[in-house]
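Quick notes on the structure that follows.
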């Protein structure tokens, strides 16, 4: 059975290590914050100028001055810090953020990512995505394995305009955990009840399958 | 050293059509509301606006878009604005999209007298088209240029007559760097306090970067997405 | 996320001979006294030290110079130190002199992932020798490179277990940028306060830049030139 | 009668305009702060991270954390701001400081300045001088017209290693106020009782003298 969005977020949350500074993109990545394993303390960075994103506020706590990069009202944890956008991207570009999780339209065998622009559709802009993928030490993509037409999003080459090249390290989809290796995609885990065959069929790029592929533990 | 002007109207009086202006804020957070409102009531047009976003249809820069006062936007993300989309598709409006971190750093560089610098963001993408590419430490980088503007308009929580500014929470965002990069920088503040009242250790924007300051009023501080846990 | 170590000795335990280390401070103002004292009691040697100044004979980096623990200094100004002068003239010590603003910006760039940038300082002087020169806006500039270090050691007035730092008065100086540029950054503070006690609007160095922090003790805070009006 | 150090400082103080941000170097330039004309409000920048240098402190006010670029204890005026060295030089490099006053060993007809290094003598370093002269909008040099050997310090070409090129706008010495023009040094004012001839004799570079040269009003 393929994972829902929360399932993908739960699986990604297992990648978090104690002491990590993490930037979570909009969409599924944001949900990761709900599943941080017990005993693991991470600090969430928001590129609009906040280190230490807290929960959503109560109605009384809402502050127009305190939002995340998705422009939602948030709170700040005790020990948080506010700063300007240049400092925020100094953290990102300087490699101080340990893990970036973001969504994508497509990922290629070589770790290229397309996530910001669909020709013919209104272009809203790349926001901070190009900065994040160009500099993060570790990038995990959270996305569906196939698009609405059932076409694979794990491709030999991306067909859409790129956000960055050779940068994605791991992909967590509704079907599988896939790593980017020198030789292409490598299947690491299957979603519960999903067969290797199903994953292969849903993957356009070369998929390396070595030995038994364990099921995710969600 | 008193840089206080009476209000937004007086602050923007020098701005001419076809100027390049920077406007602080991220989404609707920390935008110079009073100044934008005053601009929208003026007949200034042909503006090149450098701002991370473009407001919403009836607030922020959306007000200037609606009145066709903006010729070009330089931003990282321009969603949430249907008038923007219409003008862009019809060719009335130009837009230059720049990765957010590069935009922030280009503005800081402009204010800091650094004409150009290298960053990895955008390498291998259409952002790199026409740009100089150079390898450092085994990684490809693009040459990016410092940005300045005829006017920068920023908004802070606290300010004084010397132009010292303190921002609140994430409303700092682009304001601090833009203050550095304006040939003339206008600051509007929620609370204009007597000189000496701000703790000099806590000042985000030292007054040297600010030429005009005024006590703002009637802040709406609209929120794009109110999300609560209750 | 607790980054607290017991004391200076524990904080510097990882530092090996021949490391490159940045040390905050301007003159003797804002230097990491405790860490320098601990280094001077260690047998670490062959250090490359990046620090705006080199201390005085019996305080600050002068203590490490006296024990021949420093192989090379990267600084903007190294006066006020006769042992320094002796070692330099005898060839025991190397020195790289860098204009102060360029040094500050190279450190910030290193911490901010900017491999190189252009500045006008030093054009037409011996500082420009061997450097790439390029004209921007009708003015000549030099290409300068970002600087990082194996370790950065900084000193702040206040800090917490997350590594958030607040400096006092002009004791900020090089500390803030150096914290960004250390692969491992060690912070010593006059007052280590509980997490949540520092106002997040007032933090100079967000904790992400700091790996170890400790409560310093017995600060001497020596002054080079006490000048009074009475 | 040639001016003493305080005289030079007094004359330079007349260059200050209301609202100026000013960086004063070590030595004579520091004395300028004592002669700021009435009704003129300026803010003094110290490149170690202070905007708004005040008077020297009383013994009770002395703070080891509060020094100027000459490492002397100072106070901060109400309305002062503290910041790090990168921000400080952003102000300088970005052209936000209106006037820089500094000392020099030599200045050339073309506005080159030598102020940091004497071959054969211990080199202490350039500190912030190269940054200041490369970027300041307006640079005034405060110095003696001749060195201890009686040799001119206003030269066709500097003989010592340079601090910066084509940057000095005006020189105030014990004998004269001299501007740097496209055609060389231009005599603007004489020190009280000092003749044009004396100034010419003390100037190695080409000195343009046009019309009557007024005496300084000190």
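Lettered A, B, C and D in written order, each chain numbered from 1.
Quick note on the criterion: contacts are C-beta pairs under 8 Å (C-beta built on N, C-alpha and C of every residue); 3 or more make two chains touch, one makes a residue touch a chain.
Source: prediction; values computed, not measured.
Traced through touching neighbours, the fewest hops from chain A to chain D number 2. When the partners of chain B are compared with those of chain C, the chains appearing in both lists are A, D.
When the interfaces A-B and A-C are ranked by C-beta pairs in contact, the top one is A-B. Each chain gets one centre point, the mean of its Cα atoms, and the points for chain C and chain D are 29 Å apart. Look at where the CA atoms of chain B average out and do the same for chain D: the two points lie 36 Å apart.
For chain C, the set of residues touching two or more other chains reads 105, 108, 112-114, 119-120, 167-169, 200-201. Multi-chain contact residues of chain A (touching two or more other chains) are listed as 76, 82-83, 86, 89, 92-93, 135.
Those chain pairs judged to touch are A-B, A-C, B-C, B-D, C-D. Those residues of chain D that touch chain C in the complex are listed here as 46-50, 55-59, 62-67, 70-74, 76, 82-86, 88-89, 92-93, 112, 122-132, 134-135, 161-166. Residues 105, 109, 112-120, 134, 136-137, 139, 141, 145, 166-169, 199-202 of chain C are the ones that touch chain B when the two sit in their complex. Here chain B touches chain D in the complex through residues 1, 108, 110-114, 160-162, 164, 180, 195-196, 198, 200-201, 203, 206-209, going by the rule given at the top.
Of all residues in chain D, only 18-19, 21, 41-43, 45, 51-52, 76, 78-83, 86-87, 89-97, 135 touch chain B in the complex they form. Those residues of chain C lying in contact with chain D across their complex are 26-30, 52, 75-79, 85, 88-89, 97, 99-105, 107-108, 119-127, 157, 167-177, 204, 221-230.
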